[in-house]
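Shared between the two complexes below is subunit A, which pairs with subunit B and subunit C, respectively.
Let's look at the complex of A and B:
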């Protein structure tokens, strides 16, 4: 088991920097969520980690070795993304057969169980599947390959609520049958809050949060009360946003509460949920005044 | 089972608390088996590491114990232990806030005692 690290990883498309100096350390056997607004660079990052595209500078390190394109171990990393890499006129059964050849082994039991549960006929061709079903099929393959690091780029795109819940269950089942690292990117923040152990948030080409879910939530507070007292209490803390309704003033902070500051009776402190924290952490200045 | 999650407590502690509640109310009697990490994890779509952390807290507190190859079981004394612990907490959590609220409402000590007596006897 080895950590997968990035060192000063930078990616440019032409003159545009899309990822800037990322230093990540992905632990083995851990479920991660990679969150970020549209265009934040999530897919680019996952594509680099899986060696589908190259970094402009910096490196990906695995087992104390810098991976260059050539020696990237194909079987250790698997990326499922919106791109369809399968031959559209191929049947699902055939694709599984080919994937097994490429990846060495394949968890046929899990794949069969999932195909049945999602009512996918293995004799069907990829071209006959709807968008949602194509996503499901690609995720089934991704969970059945023997990779140590599985990157799921929006595995729930276009899935209805029932299928999403089923898919979360199968992600956990696959993980329990064989521990591995799963990094999943999604916009449905609240739905994966309990599923993942660790959160990465990309904003403005940088990683702004790299934290266990528990720690992130522990530091996410909304503090409300009379403006003066709330401001006094929040002095020096990282304030993400504030709002005023009548005389009730609320501050959103991302910080530990100062142990030595007395909380006045007039103010109420609550934890934000993951979705609220995410929105406040990634909001752009101009979007605040809707 | 019975999970209702909130934002105020870390998830692993909520898991520990809810199983503890089950032991306290007798849903999981002494020496019976509690649901496994896998069962809870899959039923509620919770990361297994989180569930395990909650379970470990109960093991540390002596409320459940691991029987090799068979799973987690409620200890003999678990229910008594919880009762003792909760009696101590009762003062901190309920009585103090109760009195504070009564004081805000300008109830006198005598009025408060009269209220308690009336409710207690009606139960």
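Let's look at the complex of A and C:
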């Protein structure tokens, strides 16, 4: 078992830097969420990790080897992405057959169970599927290949609420049947809080959070009360945002609470949930003044 | 001002009926949500209303005329859909120029304001945009054309939480600047409860709900208590689902509460929110037994 690492990974499109000096260390057999605002570079990062596109500088390292286009162990890495690499006039059955040829063995039992559960007829063509069903089919394929690292780029894009719940359960089931590393990107942050073990957040071309879910939530606080007392208590802590509603002032912080600081009776401290923490961590100033 | 109506509208793909005998009446200057599970036929319906594809039988009527391919008043109807009809190597600026030629005048003020708010550079090419940003751009174009009927097929597909909030506000702003009918489909049901006036729900090739939001919510109840008493109270009402958790039995109903029936002290009645009502209205049996 070997970690998948990036070393000083940088990606430019023309003059624009989209990923800057990323040093990541993805453990084997772990479910990760890759979060970030629209355009933060999530898809670009996953495409580089899966060797679909190349970094501008830096490297991706696995089993002490630099992974490059030529020597890439294709069967160990699989990317499910928005860009549909399937032939649209192909039947689902045929795509599974072709994928098996390329990726090695295929978990036909899981695929069949999922096709049935989602009422997907394998005789259908990709072109006959709706947006949501295309996503579902691509995810079924991604969970059924024998790869050690599976990258799911928005596996719930266009899925209705019931199908989202089903898909989360199948991701867990696939993982329990055979442990592997799964990195999934999504915009429905709260829904994956119980699914993933570790969170990566991309913002402004950098990784700003690389943390276990528990640690991230443990450090996410909302501190409310009279402004002066809240500000005094929060001095020196990482403040993500603050707001004043009437007489109530609230600071959103991402930090361990100082053990030696007394909490005055007038202030109330509570944990933020994952979605709130994410929004505060990634918000741009004055964005919502429509 | 004229309503847009469908009369006995039916659509088949091969032998498969995807829409069956729909009789809709879309009022001018009203914001609608079109809801339904994955594969329910939402995109097909919007494509027919916008004259991108044809019905198998039945008709679409506007201003006392049957709308057909030849005589279709293109500038009065606009569909923003998953299928990107733009040339991917075109710049956003160029696409706006071409759209203006086809659709007539263009609300350049709104488009500029939205491009700026979402930090979209009009010199960029469509191919350079991420999934979420493509959706945003397509919606900007759809809100800026002078059409009387604008169909937005999943205008928040791939959008992060902050961008979703911004987009809802711009949809309202566009509507307030110039009233028109907007029909939007989405899977994030709860988020649009305050945005739309009227709800259409497609299920099993039929429209099962065609109702003002207020009326729909007013008829959506969860009735909990001891099983026998709940069942007695709910007799004859439209029951969507029921569940037993420990000794607590809950019935989900979609009906007016009978005025002449006494509510026993042992049962509790509360309203469902829009997302819960939707899930209960469209759920398939035993779907979640993963």
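Here, the second predicted complex is superposed on the first by the 287 of 290 C-alpha atoms of A that agree within 3 Å, B and C clash if a C-alpha of one lies under 4 Å from a C-alpha of the other, contacts with A are read in each partner's own complex, and residues count from 1 in each chain.
Here is the rule we go by: a residue touches a chain if its C-beta (ideal position, glycine included) is under 8 Å from a C-beta of that chain, and two chains touch if they have at least 3 such contacts.
Quick caveat, the model's predicted, so the values are computed rather than measured.
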Exercise. Would subunit B and subunit C fit next to each other on subunit A once aligned, or clash?
Worked result: fit
For this session: Examine A:13 and indicate which partner it touches, taking first as subunit B and second as subunit C; both and neither are also allowed.
Result: second
Exercise. If you stack the two complexes on chain A, which partner ends up touching A:121: first (subunit B), second (subunit C), both, or neither?
Worked result: neither
For this session: Look at A:197 in the shared chain and tell me whether it touches subunit B only, subunit C only, both, or neither; answer first, second, both or neither.
Result: first
Exercise. After lining up the shared chain so the two structures overlap, which partner does A:173 touch, if you call subunit B first and subunit C second: first, second, both or neither?
Worked result: both
For this session: Applying the touch criterion given at the start, work out whether A:228 contacts subunit B, subunit C, both or neither, answering first, second, both or neither.
Result: neither
For this session: Kindly classify A:130 by the partners it touches after superposition: subunit B alone (first), subunit C alone (second), both, or neither?
Result: second
For this session: Based on the superposed arrangement, let me know which partner A:165 touches: subunit B (first), subunit C (second), both, or neither?
Result: both
Seminar exercise, completed: The chain contacting more residues of subunit A, comparing subunit B with subunit C, is C
For this session: Classify the contacts of A:243 with the two partner chains as first (subunit B alone), second (subunit C alone), both, or neither.
Result: neither
Problem set entry | First, second, both or neither for A:157, with subunit B first and subunit C second | second
Problem set entry | Three-chain overlay, closest Cα atoms of subunit B and subunit C, distance in Å | 8
Seminar exercise, completed: On subunit A, the footprints of subunit B and subunit C overlap at residues 165, 169, 173
For this session: Using the touch definition up top, name the residues of subunit C that touch subunit A in the complex.
Result: 13, 36-39, 43, 82, 117, 128-133, 136, 154, 157-163, 165-166, 169-170, 173, 187, 189, 275, 278-279, 282-284, 287-288, 290
Seminar exercise, completed: Per the touch rule above, subunit A residues touching subunit B in the complex are 30-31, 165, 168-169, 172-173, 175-176, 194-197, 213-214, 217-218, 270-273
Exercise. In their shared complex, at which residues does subunit B touch subunit A?
Worked result: 5, 7-8, 10-12, 38, 41-42, 44-50
